[in-house]
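I've put the structures underneath this note.
Across the two complexes that follow, chain A remains constant while its partner is chain B and subsequently chain C.
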Partner chain A sequence: MSHRSFIWICLLPLVAVTAAFFLLPMARLVLLGAQGPHGLAGYLAILFEPRYRATLINTMVLASVTTAATLAIATVSGIFLQRHRFPGRAVLVAMLTFPLAFPGVVIGFLIILLAGRQGLIGGISSHLIGEKLVFAYSIQGLFLGYLYFSIPRVILTIMAAAQKLDPGLEEAARSLGAGPWAVQRDVVLPALGPAFVASGAIAFATAMGAFGTAFTLATNIDVLPMLIYTEFTLAANFSTAAALSVGLGLISWAMLALARSLSGGTVAATG
Partner chain B sequence: MNAIVGHGASVHIEACAKTFADGTLALAPATLDIARGETLVLLGPSGCGKTTMLRIIAGLEQPDAGGRVLFDGVDITAVPIEQRNVGMVFQSYALFPNMSVAENIGYGLKIRGVARAERAARVAELVALTNITGLEDRRIDQLSGGQRQRVALARAVAIRPGILLLDEPLTALDAALRDRLRGELNRLLRSLGITTIYVTHDQAEAMELGDRIVVMRKGAIVQIGTPREIYFKPQSRFVAEFVGAANIVEAPVADGRLMLPGGVLPLAEGDTHPAAVAMIRPETIAIVAAEGAALTGTIDSISFIGDRQRVIVGGASDKPLTIDAPNTVAVTIGDRVGLSVAPDAIRLLPEHD
Partner chain C sequence: MRDRLIFTAQLLFTLLVAAFLVVPVVLSISAGVTVNYFRGISSGVTLQWVFQVFDLYADTILLSFLIAFATLAVTLLVGVPAAYALHVRGGLLSRIVEEIITLPLAIPGLAIALALLISYGGFGGFRRSWLFILVGHVVFTMPFMVRSVMAVFSTIDIKTLDEGAASLGAPPWRRFLDIIVPNAMPGILAGALMVVTLSLGEFNLTWMLHTPLTKTLPVGLADSYASMRLEVASAYTLIFFIMIVPLLVAMQFFADRGQKA
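What follows is the complex of A and B.
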């Protein structure tokens, strides 16, 4: 047996698994999307059918806002945690990365415990202002849940990037007369740019496709994964569900590809 | 005064010590005066406290309580670095990767709110001065090590600092480039006439660049002097051995002569101490005919270096003597030779330092 054919034989299991679980269902999904009453135009429905379009926009706005808020919070805390040593720091870092261990449904449950009808915030607010604040089942609740599970992914990337930053850069800027704000604006944030792009893309893609949290909370919010679920299981509208799935995949993939080209190939798709 | 730099400030450091958070004493209380326009070199092995001293002057470290730093007589101990008007060059250069060469050089002026046109003129002036014409629009990662060093220097000088602080600016370069840039840097610092504090562990750099050298060891200043004083009149064994090559000879003294196993060497000083530790520089020992010589030995090895030859002679002293002889002297291993040293080239040192 030649060396080359040996390698091919070793690759066979991978080829079989890829074909069985990835390529074939994917091809079937793409075909299915074009087999509705409108044929290929089924794919355009995601853009032109008002309900689908509203959901798409809704989801993208939610993902964008989540990404922006996550980056802001994770940058400030990530740089702080990287620069300072204090008692309990290790515990805090562990807690911040804890949500990585939870499935979306548990995070949804936590949000209900916090801001649901029997939630903590409602209890406190009814004591203080006589009105029970409940927002777990709204877009704000979903935003909070997404924020919670996006922060760990971003904060770890930012902390790693901040660690690699040459402390001389900040000292040089200060020696040239830059105050604390100017140092952050001109030196630290630009140096963290690639980390923002990489972790931001992952946060965005994750927020676009997260299902568990949405399913637990979203009784009256339409986000794309929920729409796919309802079209598929409740309406048995397979071709629309397939078309929406392909659309969701394309948007997330495009974001990651864009981020990868901007940041030089350090973005791994997760979520 | 000079058009490139506004002015130089004088520096006074008073009882500045630094103890790190873990309790290690990085710098014992040090007092030092640096004159306006002077180039002072802080020289010593790694961990001797020279960088800590520089960072205290820069304002990147605070001295322990009681220490004070004065620029032109004004106490600036509590003033942060961004208000001290110091130019600083780092060992890593610390150039901003998100800015072009010209933006790097102009950054300090931009922060100071200097108008765009004036800034551009000043940047052009420094680009010409540091010989990096044509590189203005390059990114930092497109520059060689030597070019980065020039940009870092131009950036530090652009703000017309009162004091220029350089932390091992040539260490990251390879040997040939380092020698060339050392000469260039020397001419540039002389022409700027700015007060300069230069940290290095390289004694050749210290000799060439310093008006005065401060030799440091284990967090303390061990000697301050001109390069000639440091080289010819070291006050301790450590300085003698750290700066240049030195033969350290331990021998009894009788009748103003050093009594060595291979003969005697007359001393200049009327030293009556019964024993001495003496330093003899390799280039001050002459190889002469063995007959009639006061000190003799046998040649153990010869290394031909080019401009000179390094000869090791055994049997003359308690340890083999290193001699830098002219490259024309004909010697062979095993030769019995006489050695002569001018009495004033023998420097007596304290036995302990």
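What follows is the complex of A and C.
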């Protein structure tokens, strides 16, 4: 057997598996999206049908707010942890990164423990202000869940980027008379730009497409993955579900392709 | 003085973020071993909920392990040779194949699950068996195995090793088994840990692909969150943590070693 044919034999199983269980099904999904009562226009429904458009806007607003909040939080903590060495730092880093592999369902449950009917926040608030705060089963709860999901990922990226910053640049800025805020604003934050785009895109794509957390918190939260799920299972509206999920897939693929072209690494949206 | 103040403020903020991530986990673990969560830990500590979970959901735990290791077997058998082929062959075709197998990372699991359902949902026997879930997990985890192994190939001079063995007369499959696989071991191990961890926790695809007779652990978790008392759901989550944390620690260990090497 020649080396060349051996290489082909090595590659063949992967090509077969991918074609049969990914490419072919995805192609059928794309076709099915155009086989509804409105044909190809089914794909436009996501933009022009008021109910779907409202859900799309809702989901995008939620994803944007999650991304902005995650970036802000992770930047403060990430730069801090990269700059300072103090006892217990390693433990703190471990605490901030270990939820990396929690599935979305589990995170949903953790949010219920935090802000649900028997949750910690409700317990504390009823002691303090006499009113039980319960918001786990709403879009605020989902926001908290996506925050939980994204913080570990984004902190890791920001820490890695902050490590590569040249401290000489900051010293130069300081010696030229810049105050600590000016140094952060004009030197540190611009240098972290690519890391912001890369990790922000991951957070955004995750918050767009994550299904487990929303599913655990409530089935009536108005976000795109839940809409697809109810269209498919409850309304048996297969072509709409297909069109919507192709649209969702395109959005998150585009976000992650952007992230990858800017960071050069592998990124994944799961949950 | 001012530096001290900024340091303290940042530390407090970071501690707060850490608390946000850690406190719910602690709540969950304590709820899983508390007699009555509503009355608090003073009601006593018990393992009754953990045993109840085993009674109710033991089959989901077994099925999750079965699927995780079957996924691992498939990704090893299919992914490792493919990673070798893609690395050695190079060129545009390899780039395209790599891009395509990486797509499942970017597309939400829900969409992939729908695609599988409409394509193969009609094959009743296949649809009802756990193999249907296995297929989803293989598609989703394959890129992690392939890329992890390819990352190792890019750091060692696999061509020289391969050609050296070839000049000694070893046939391609012998070279693959005796030279390529041992050299790729760090990548294979890292990929394997990733595949098992992801498969054990996979929900988005699995929820759509499962049947009442093929429930995995995360599917059972969602089920218990919706219908069981908080203590049972917490005990179930606790079992999941106990399964997943050693894998995470091992992954971190390999990552650290990889950075130092």
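Assume the second predicted complex is superposed on the first by the 249 of 271 C-alpha atoms of A that agree within 3 Å, B and C clash if a C-alpha of one lies under 4 Å from a C-alpha of the other, contacts with A are read in each partner's own complex, and residues count from 1 in each chain.
In this text, a residue touches a chain if its C-beta (ideal position, glycine included) is under 8 Å from a C-beta of that chain, and two chains touch if they have at least 3 such contacts.
Everything numeric here is computed off the predicted structure, so don't read it as measured data.
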item: First (chain B), second (chain C), both or neither touched by A:I202; value: neither
item: Chain B versus chain C as contact partner of A:P103, first or second or both or neither; value: second
item: Which superposed partner A:S175 touches (first chain B, second chain C, both, neither); value: first
item: First, second, both or neither for A:A257, with chain B first and chain C second; value: second
item: Partner chain in contact with A:Y148 - chain B first, chain C second, else both or neither; value: second
item: Comparison of chain B and chain C by chain A residues contacted; value: C
item: Chain A-facing residues of chain C, complex; value: 2, 6-7, 10-11, 13-15, 17-18, 20-25, 27-28, 31, 37-38, 74, 77-79, 81-82, 84-86, 88-89, 97, 100-112, 114-116, 118-120, 135, 138-139, 142-143, 146-147, 166, 171-173, 176, 197-198, 201-204, 207-208, 218, 221-222, 225-226, 230, 233-234, 237, 240, 244-245, 247-248, 251
item: Chain B-touching residues of chain A, taken from the complex the two chains share; value: 166, 168-169, 171-179, 182, 186-187, 190-191, 193
item: Complex interface listing, chain B residues touching chain A; value: 58, 60, 80-88, 90-98, 107-108, 111-112, 155-156, 159, 165
item: Of all residues in chain A, those that touch chain C in their complex; value: 1-3, 6-11, 13-15, 17-18, 21-26, 28-29, 32, 73, 76-77, 80-81, 84, 86, 92, 95-96, 98-106, 108-114, 118, 120, 147-148, 151-152, 180, 205, 208-212, 215-216, 225, 228-229, 232, 238, 241-242, 245-246, 248-249, 252-253, 256-257, 266-271
